[in-house]
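So, here's a batch of structures to check.
Two complexes are shown next, each including subunit A; its partner changes from subunit B in the first to subunit C in the second.
What follows is the complex of A and B.
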């Protein structure tokens, strides 16, 4: 009997996950040897030392903690203790804003670069120099000029997501097939209408690919940016929990960062599929 | 009287070559068509037929010379000159109906949706694509795509139809039907047509004038063949006409042998006064240069 490829892949995936969780569980299980030490020192060291428990939480600890978070995602007990939902919300909000700004700037500018060889050549040196700069390198400058940590983070997201979109839009627009342009020309279609009815649909798959790359980079950068600026957000949460030595929460945050990143990517992938046309 | 509706006057097209020296596809090309005439260009692949057509359409610019249409030098493209592209050039993100409707809305900006749709549908039906309106180009065969291109060009009812091998991907039956339709539309609407083809019979059926081009590079218009068959010729009994074989043999001879040797064999060829040939029952003879035809019309044509 043969099952579909999808089904078999799912079985293997689940098996791999189970194996990983099993090994993790075994590796972090409490070891029996309990060293004798003074009660004060033991108290200081916590369970790690007194019960011979590994400092690394096991999957069960993480699971239990995760359940706790799920039950109460939006609580707010002061600046250092907010629900994970709130922290993720802050991060997604910053990414969304910075990304939106990048879309508003990159797509029209990309159109211009793609359509005009002059502008393309003129802007090329700037783009070549600005593109390889790590977005975090802008942070001090942003903090100094904007004087607001949250807006600075948004600016950093903007600057990191603008390049892939800009370059892909310019490339997509410049690579529109000559024959499609010629159709519009023989029909005396004006520039604006041509841009919307021929160039945009023809370049849309390439533009969306750039947007998909951008959202991935933006989500990578937001964690680092929030670690730097602090205050709120999932990146700050990770750093804060590290300072609290709560490895369980750090692991949970890592997991959630991955899941949200995947969801963002899937949304863009769906949009890409919507505008892709078979030839 | 002749009124040159389309007049190509001494055009040349050069491309920059690899070593800096320009490559001349053709130069000093003169060609004209009267209003309502149907002209066919025949020549081997790569001789520059599409280039001439693109220049006529306004999509390409000649390196030298000019194209006059209706007394005015053309500048760029126009809705009066519809093009059927060799490569179909359908917009793949639009359906069949969408592709034709795009042309219709471009010509008649103020029409409402229903009117555009009805008009587009008429031409889709005409090319026999009823039922495929909502398919995308990727779901069509090569011949069907070509028919969408034909419907799109016909739908804007242009004054001039420029056709680049419009029927080449079609089976014999569909090709025949579409040839009939295109000929009927051209005759009824008085459209002037300029068509590129590789099919000699197609040229004989459709064309009033057949332009024979020599091989490139440096292609020249060697001869203009006037079609001696009656205007009301039918496609089915074309080959029964007494002059059919004389005409056909003349064109095939040219394609097989003379297209290669013409330039060397005719050093005094004057591109401005290309010989007009009207194959008759006897051996075809060069009758007169075009400038003389204007003065003395058809009587001088030798039999």
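What follows is the complex of A and C.
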């Protein structure tokens, strides 16, 4: 009796999840070390102190809270308290905008670098220095010069997602097979036409791989940036709930950040498959 | 005659002689009033405004005091008031007065840090103090002191909640570009505390604290100066004997739980949260170091005042109004409920209630009561600023000489606040400097350098 690999993998996944939830539940159970205190005093204290409840929420607490959030994802109770759906919307919007700007800059520039060895060599030192800078290190500088926190956050997204795209585009363009370019040249195809009909399709898989790496980084960075700047977004939500020491909500946010990040990655992965060609 | 005199009193003396400020019949009475320097709010805002407006109208109708007295004597005060209100819409005038001049900018953004110090700024939103003064204010929660500073400098916020020493530091260019900032109102007095980890419950003598790690919210904070003062008075050099770390308040409880720090001097809701979660206990309230110390301030740049003076005045009125409301003990429970939701402070209501009502669990199994644990008094005493400057010098944040009074008067707008308070029918104190004592040691604002020189433990300059 043999099941398909896919089925067996699914069984193992579910077993792992169940084991994880079980251990989590056991580890966060109330430890019964309740000290006796006067009822008047106990009324002023939290559950952690009075009932020996673990400071870490268990999976049941998280599940209940998650259900509450799912029931009303788009509520808006003022500038500092919005539903998870709205917060995620803000974050995705910021990432989208910063990422789009990065695409607009990185792909043409990458083409230029890939096609011209001179520019490639000239720009190389700058790229090498700028690339390894942590995007959040730009934050104070951006806040100071741009003087607007939400634009600063978008700028940080832009600066962190531009490098992988730029380098991958340049590499993809430079690595187009010489034969194809030579064929185009013998057919007397102009530079512009050559770029669009020969080089672009050939380099597309590499470019999209760069874009896929970038979106992942951008999503990583937005959470940290929003925690710094505050106001709106899922990162702000994490910070706000941390402020209240509500670990339950922080865990929910972590879960959602993971799911959204996965979705963004899958979308780009699908695009990559669409432009990939067999050689 | 001044705003505070009752123009409906026929026996009022004709010529204002009496005291130096003109409010009192004699210098002796003035002295007596000056003793009660704390400004106590009047029974109700509506009544206050009505009184101010009515006296203005009365005065306009009878510019000659002799004529007014004759009129009042013949008809009586209540008849006179009724007669005036028949042909003069006192009600409308009172409403108009409460709004002041038309604000240049109605939609304002005010930043705050989610701690109970910001109570007046926050509660003015849910309880409608901003809208009452004709403003549409959005209160925006902000991640930390450096961010709130930068956002206010960037003009993203029109005004903001800042630690009382921050506007001084910004104006002097410490830790930021020098930009003239002002404090039209203090938010809260007292309302902080030293919380220690539960494992230190037997180490109540600060002399045993050598080598411990403490957290403070920010370098330019009263928390920093008070903790340093407290340690130094007990013979510990805060720079060498202990470690002081700048930690954002929400991280303090988590750090205390994780054993990264031994204690902190922080806003009360953070202290109470540590107790609530069973990780710390209250060593002392900051009140026991200096009763009536300022903590946080309501700050705006000088540029905002000059470009939108009416908006600024309306905003100051709203804050002073809210502060007066918050200073009353019977309102505190309602305030705690109003500011607890996620949109504002985002904390359990019981924690905020314990802070604001002053009946609290001390973390060691006892319930304590201190109604003045946190209090609210808007008046920006310039002597507060002078004291902060002495401490900035003491701990090496300011090097070289400093013109204490010039800085204090530029940043702490006592004169403007007096005007606003008088317009609103509140009683502002007559002077802008007062002496106070910190841990039993008297501070004379006239002699800051002598005060500074009297400390043995200080950073060598």
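We adopt the following convention: the second predicted complex is superposed on the first by the 272 of 279 C-alpha atoms of A that agree within 3 Å, B and C clash if a C-alpha of one lies under 4 Å from a C-alpha of the other, contacts with A are read in each partner's own complex, and residues count from 1 in each chain.
One rule holds in what follows: contacts are C-beta pairs under 8 Å (C-beta built on N, C-alpha and C of every residue); 3 or more make two chains touch, one makes a residue touch a chain.
As the structure is a prediction and not an experimental result, all values here were calculated from the model.
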Joint occupancy of subunit A by subunit B and subunit C, clash or fit: fit
Touched partner set for A:71, first subunit B, second subunit C, both or neither: neither
Vertex subunit A, arms to subunit B and subunit C (CA centres, degrees, nearest 10): 150
Partner touching more residues of subunit A, whether subunit B or subunit C: C
First, second, both or neither for A:6, with subunit B first and subunit C second: neither
Subunit B versus subunit C as contact partner of A:278, first or second or both or neither: first
Three-chain overlay, closest Cα atoms of subunit B and subunit C, distance in Å: 51
Touching residues on subunit A, where the partner in the complex is subunit C: 37-38, 40-41, 43-46, 48-49, 55, 77-81, 140, 143-144, 147-149, 227-231, 239-245
Footprint of subunit A on subunit B - complex, ascending: 57-59, 76-79, 81-83, 85, 87, 89, 91-93, 102-103, 106-107, 136-138, 156
Residue ranges of subunit A touching subunit B (in the complex, touch as defined): 179-180, 182-183, 185-189, 197-198, 201-202, 277-279
Subunit A-touching residues of subunit C, taken from the complex the two chains share: 114, 138-143, 147, 150-151, 154-156, 250, 253-254, 257, 273, 275-278, 341-344, 346-348, 350, 354, 359-361, 365-367
